[in-house]
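Structures given as structure tokens follow.
Shared between the two complexes below is chain A, which pairs with chain B and chain C, respectively.
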Partner chain A sequence: MSTALYQHFPILAVMVLFLGAFLIVIFGNVKTLRHLIALLSVTVSLGLLIALVKPVMLEGEIIAYWMGARATAGGYAIGIAMEVDALSLFFGLLVATAVFVSCVYSIQYMSHDDNVGQYYTLFLMLAGGVMGLVLSGDLFNMFIMVEILTFAAVALTAFRNTAKGALEAAFKYLVVGCIGSTCILTGTVMLYAQAHTLNFAQLSALLPGNMNTATVVAFALLYIGFSTKAFIVPFHPLAADAHGAAPASISVLISGVLTKSGLYAIIRLSYFLFQTMELGTMQFLLVFMGSMSMFICVTMALAQHDFKRLLAFHSISQIGYVLTAVGLCTAMGVSSGLYHAMNHTLFKGLLFLAAGAVLHQTGTTDLDKLGGLSKKMPWTTAFFLVGAFSISGIPPFNGFASKWMVYQSIYLKAVESGNIGFLFATIIALVTSVLTLASFVKVSQSVFFGRLPKEYENVTEVPWGMRLAMCLFAVLCVVTGLFPDLVTRYLTQPAADAVFNASGYINAMMGSGYAESVMSVPAMAPAVTYVEVGVWQPVSWLLILVITLLAITIVAIGGQYDRVSESVSAPMDSKYDLFFGGEESVYSQVGGEDLFWGFKHNWRGYFSFMHKLHSGIVNDYSLWAVVALALVTLYMLIVF
Partner chain B sequence: MILFNYVASFFLIVLGFYTIVTKYNLVKTVIGLSIADYGVNLLIISIGFNPGGTAPIFTPGEIDPSAFFVDPIPQALTLTSIVIGACVTAMSLALVMKIHEQYGTIDTREVRRLRG
Partner chain C sequence: MSIVISALQYLGYILIFPGFLFCFLVGLLLSGIDRKLVAKMQKRVGPPVLQPFYDFFKLCGKETIVPAAASKTVFLMAPLVGLAALVVLQLFIPIFQFTAFSGMADIIVILYLLLIPALAQILGGAASGSPYAGVGLSREMVTIISCELPLVLVLLAVAKTVGSATGEGLSFSFASIAAYQAANGSLILRLSMIPAAIAMLMVIPGETGNHPFDAAEAETEICEGMLAEYSGAPLGIFKLSHAIKMLTLTSLFVALFLGGIGSGIAQLVALMGLTGPAANGLTVLLGAIVTVLLCIVLTVVSISFVHAVTARLKIEQIFKFYWTVVSGLALISLVLAWYGL
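Let's look at the complex of A and B:
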């Protein structure tokens, strides 16, 4: 094993975040110092991971790092290990980017709150927890990191504890999150009892092919435990509550980072630890849960009145896409799923930051009260539209590229396997995309366009620091949308290759030849061809978009646009009031609620059923968790 | 009897989940979380137990292949898990206190302003 300097980078990237958290406890009372420490730690962490791109992503090296130089003895891993392959690094980069942008945004966003020192401590603990989880090579360490990030996330959800429902959301999250954590710990120790190791690589070598009842139950426990961290159905109400109450900068982390850690763990479990993804039954489980998440959450989002709560449901809906694509067990499926995971972090982060900007300037996120903010906050509106176009999958933004690949991979899987179920999944994915667009039309209509309410006439644009953060995400959204071929070649394809390289992962940790000696080597997936993905030209779509925007601008400036509206509003002079009735309001605003009333009316049975189901009682949500655990355990016991 | 430990630990975990699902008092929910946690701790410590083994404390050179001791790793895991359990209890009780201040009740059926 070479001892290049970059071998130490993963542990440093985690440590620098925790170190920053502890330093802020000491020096956090000084404003500039705490901003400096927070920015410095997230920047260093991001820089260290970017430095790893060349050896890990491009040259395909897998870094195995033993703490305190304790490695293997007698064929058993006895030290605590970190292992970084392209998959870990991919998620690590997502985490570091989202944390960096959120930190930049926080500086001005949190300036009106008190106890900001504690906010940054928890912020960095959360970041460090997720970073530690994705870079860890040890199952128990993953559990510790899960606990750290759950605690930090719960505390941050309740940070503005005077906000509506913040405490309630935090408590629900804590209860169901702890059920998940208990499941993870139980699964971990059951695996330890069977294999006498906690090392991920060694477990991945020992477990496949040696499944018994105990390991199957452990798999179900771990799967459900990490599902609560990814908030997939039936754990989505927690995400909605937590997002609605948490500060926007934390919503970015919960949606962009926390859910990704759950997804990462599910990928590691099913592709590495148990290597069961080649079974159709396992693919069915992931695709089923993904499709359910997609559809249920997007319909729940349509019925929301709160900006951030709506975004939260969309967030889980998009996670459903990722889970479905990853569950296909094809190279293209995994690659497109990871691509969408990356885009989800970017556009969802952008949308939450825009929602936070609206909250920061107006003091509310209620869709029924807002309106017409585009005149007062043009920058925020522009950034929001970039995010909305991306999530709705409009070319040339990044959501289109990844969603297209997801549809394509599900459809190809349906054709290859001849399984009608995958066709349904394709249809659900398409319908979900349409409904996503519909609900973002509603949001932009009721927040940024339409009539400006009287009380918001003095609203101003957000400070530059918050605009800078939104700008970073917006630029990344456009760039990753314009160059899908580069993104797949340098980011998602190495990560997808790593997913199918379990034996390489094991050998890097345990010494070469270990995987072959202990286990029958899993079949390598065929190299994926991206020919069909590259047929569309994102740059030409960008040109069309620019030309359209220019045309609209010219028409608007040329006055054609204004003259029409002037002639309508001209006779509204107070001297004519006499001739009209008592009603003052001539202009009637179409509220966000009324925009899709026809659709919602036709589906009223479904919507009222779902509304009743999401009762807000913590017992119900716990019951869902326990029932999901029981069903998944039963399913796995039957199929294995 | 080690089998009894396993049965008891899973009984405790299930009892904890049952408490969380069926009790409408927030403090009882917290108690349920703790019971489930104790169940897991009992499970971990039982896994590492070797009947007749000594405590796993050795100085370098003292250890030889004939030494028979309990597995030290689960004990370390249990300690960590106990600490985390204490944190969960402390934090959730703090939240319950604040909820009582704001809502004036600790009945879960009334703490449901966020729904739908």
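Let's look at the complex of A and C:
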């Protein structure tokens, strides 16, 4: 087998990040050198993955790479392997993009902090960990990467350890993260005891036909372990604390990258290792967890009054969409889920960066204290609005394109399977979307619009480097929203095809014919068809909108729309003052927490229940983890 | 040459019919009829039917004051974006079998496009910096949440009914909804769709922000909420958008539930012995006239009549009403449709 140069790219993409981390430990005291190394390693990593798009995505090649050229021995795959199919590469690209933008942002964002060298070391360790996880070809390496990324993430959560709650958040994350990691390790060990191999490809061939109690328990352990990494319900409170405390550039990674690693692992486990997604019961588990995450987290977000905690809950809510769509086990479902995963990385990253910009300039993210920043930070406001429209699914931004596909696939699944549960999932998904919009209206009113408090009158716009990072995400949000056809054709559909091509994955690693000999499955990848039930043409739509807007603007200006009068001189004419019913103008604004009183009043029972439940005590959250593990194990033991 | 002609044709769609000019005239007309009728029902004389036109042009001539606390760009651009989105919406909603731009949007897209005008008003109000606008936008958002659930249920019920009849399983596209109704008669004639149609009628005043669901504007209480700081042409455009929204929602109702009338019109034109472009033109013209008449009837039923006999609800009552009574009706339809009735 001739080895093309690009076959070395996956390992290099991981190595270059770790190498950067080690170099920064040595040279980190020099500021320019530090930035140079960090930027260089993330850029090279991104570049290497982009170079893989052609062979893997477009030509459908699956790269199986053995470190040190070791392969199988005695019929067992022993050695360190990496395997990159379109699914791995898809997640790898997300990781590399988010890491790159976050690194650009960090340069100016972290300029006021101490020990920035250590920050970059941990940053690159985290990035390398996730990258290693998604490109890895065996379960034990996955576990190692999970450990690396968890500890880097914990340390980074507490990086600003003088800030209130940072250490507490890191501690919670550490405890529950360790429960997750322990689950993963135990599951790995049990699988090894059963199958005598840890290689994904070989496990995928051996396990599906030979499920017994031990492997089912191992599956449950792995599933819960990776759920803690994806922060899906019931592990969502950790995400809120971690995001609230971590620097914004790290929130981008935790939300855009770390949760994706958990999702990736869940997809890999359920579609490849155990190949259980054909079962209605397994679809039910994923869709149920996804819908729960969607709904609980969006309502939790409505009750928040801290910008970053609110974003954290939304992050999990959107992950719920991805999980639900992926759990449908239809081509359209998986493709739309992956599309939404990509959009999640982009708009969530953008929103966290905007929150970071607000924190950087004002020193707070409390929605009840902020207001009126749009006059002082117009760029940040514009970028924030792009992110907010994207996440709430306002056409033509990217969130709409993917959510639209998600709705279609859930409802089609519901109709085809006749299962009324999927119908409820559709309704939850549609309602969650409008609740998302509501909480972003709350943020825009409480932070960017409304009245400017006195103490923020001297706030300025963020430096250009941070604006550049936000601009990158904003442009990507618009582009991926306007060209859904291109995105699905070149990114998500190859990845979705790969999801349904387990035998191809096995054969690429173990030699062709292996899957057939072990599992007696057809050698050909199953025909994957994408069924669409609606129509949506964003580019032509946008064209119509622009023409209409132009026409209306012309008409409006013809009708003297521009006869605007503004206050110019310092002693203000009371004409330009706000109307207060005749009273003297004072600072009065509805607090962010009370903004949707009319909604929350009707749900007060639910909200007070949720409030009690989210006690903030790590013991409770650990208990949730254990209970979730017990329930999932029980469920799986019953259904298999 | 043909490119130029089709470009002109599409420009005509956007600017004249069923785009901007059509929306402008019919929307304000609906608003005028509504005001006159409510006055009559309350034994008042009421304004002339053309009063909204006078109001609009008068407002356009007035000075536009931008408050010192406002963010100017968003404050001034929001009304235009909202209006443009409404006009675009109207282009996507079919007039029986005719759609100006077919194959570009389905009913889920419409669901989301309907958010844009409301969102424009919310952002415009927020950008004005007024505390009244703060209260108003909060209520507006809750009203949107209230209407969203029943609207979603109605649309899902329609999609399922049409889909199972055409054999596709479900269909979100307007073309197949219109085609289904042309072949099988209006959806409202199906027993299972009647609760959904009633729910949709109740959603109309909520979406347009009319009495008794106008807590977000509540002139007597929070000075029109989000519009408190608006003056001049931007205010006029918001008033216009409000009027057009009545047209949009009532014509959406016609497209979803009364589409069967279209086949009658087509047969009528065929009876007159016309063929070719003349027949098409006449069908569209008659369709538009029938639609406008139906929109007037629907406005009277769902907006004016309700307006005249009810008092304003509190915001939490609005929410409760929509998520229990209206959603319940829509859910009945959805469940019936689910079991193929």
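Note that the second predicted complex is superposed on the first by the 579 of 640 C-alpha atoms of A that agree within 3 Å, B and C clash if a C-alpha of one lies under 4 Å from a C-alpha of the other, contacts with A are read in each partner's own complex, and residues count from 1 in each chain.
Criterion: a residue touches a chain if its C-beta (ideal position, glycine included) is under 8 Å from a C-beta of that chain, and two chains touch if they have at least 3 such contacts.
Bear in mind the structure is a predicted one, so any value in this text is a computation, not a measurement.
Enquirer: For A:Ser374, decide between first (touching chain B), second (touching chain C), both and neither.
Expert: Once the two structures are laid over each other on A, A:Ser374 reaches chain C alone.
Enquirer: So, A:Leu174: does it touch chain B (first), chain C (second), both, or neither?
Expert: first
Enquirer: Examine A:Leu5 and indicate which partner it touches, taking first as chain B and second as chain C; both and neither are also allowed.
Expert: neither
Enquirer: Touch test for A:Leu198: chain B only (first), chain C only (second), both, or neither?
Expert: A:Leu198 contacts chain B only, not chain C.
Enquirer: On chain A, which partner's contacts cover more residues, chain B's or chain C's?
Expert: C
Enquirer: Scan A:Ala551 for contacts with chain B and chain C and give back first, second, both or neither.
Expert: After superposing on A, A:Ala551 lies in contact with chain C but is clear of chain B.
Enquirer: Which of the two partners, first being chain B and second being chain C, lies in contact with A:Ile638: first, second, both, or neither?
Expert: The answer is neither, since A:Ile638 touches no partner chain.
Enquirer: Look at A:His614 in the shared chain and tell me whether it touches chain B only, chain C only, both, or neither; answer first, second, both or neither.
Expert: In the superposition, A:His614 touches chain B alone.
Enquirer: Using the touch definition from the top, list the residues of chain A that touch chain C in their complex.
Expert: For chain A paired with chain C, touching residues are 372, 374-375, 378, 381, 385, 392-395, 400, 404, 407-408, 411-412, 415-416, 420, 423, 426-427, 430-431, 434-435, 437-438, 441-442, 444-445, 448-452, 533-537, 540-541, 544-545, 547-549, 551-553, 555-556, 559-561, 563-567, 572, 575-581, 588-590, 595-599, 601-602.
Enquirer: In the complex, go through chain C and note every residue touching chain A.
Expert: The touching residues are 11, 14-15, 19-20, 60-61, 63-69, 71-74, 76, 80-81, 83-85, 87-88, 91, 101, 103-109, 111-113, 115-116, 119, 122-123, 126-132, 134-135, 137-139, 141-142, 144-145, 148-149, 152-153, 156, 159-160, 163-164, 168-173, 215, 223, 228-229, 232-234, 237, 314-316, 318-320, 323, 334, 338.
Enquirer: Chain B touches which residues of chain A in the complex?
Expert: 140, 144, 147, 151, 154-155, 158, 161, 164-165, 167-171, 174-175, 178-179, 181-182, 185-186, 189-190, 192-193, 198, 240-241, 244-245, 303, 309, 611, 614-619, 622-623, 626
Enquirer: Going by the contact rule at the top, pick out the chain B residues touching chain A in the complex.
Expert: Residues in contact with chain A: 13, 16-17, 20-24, 26, 29, 33, 36-37, 40, 43-44, 47, 73-74, 77, 80-81, 84, 87-88, 91-92, 95-96, 98-99, 102-103, 108-109, 111-116.
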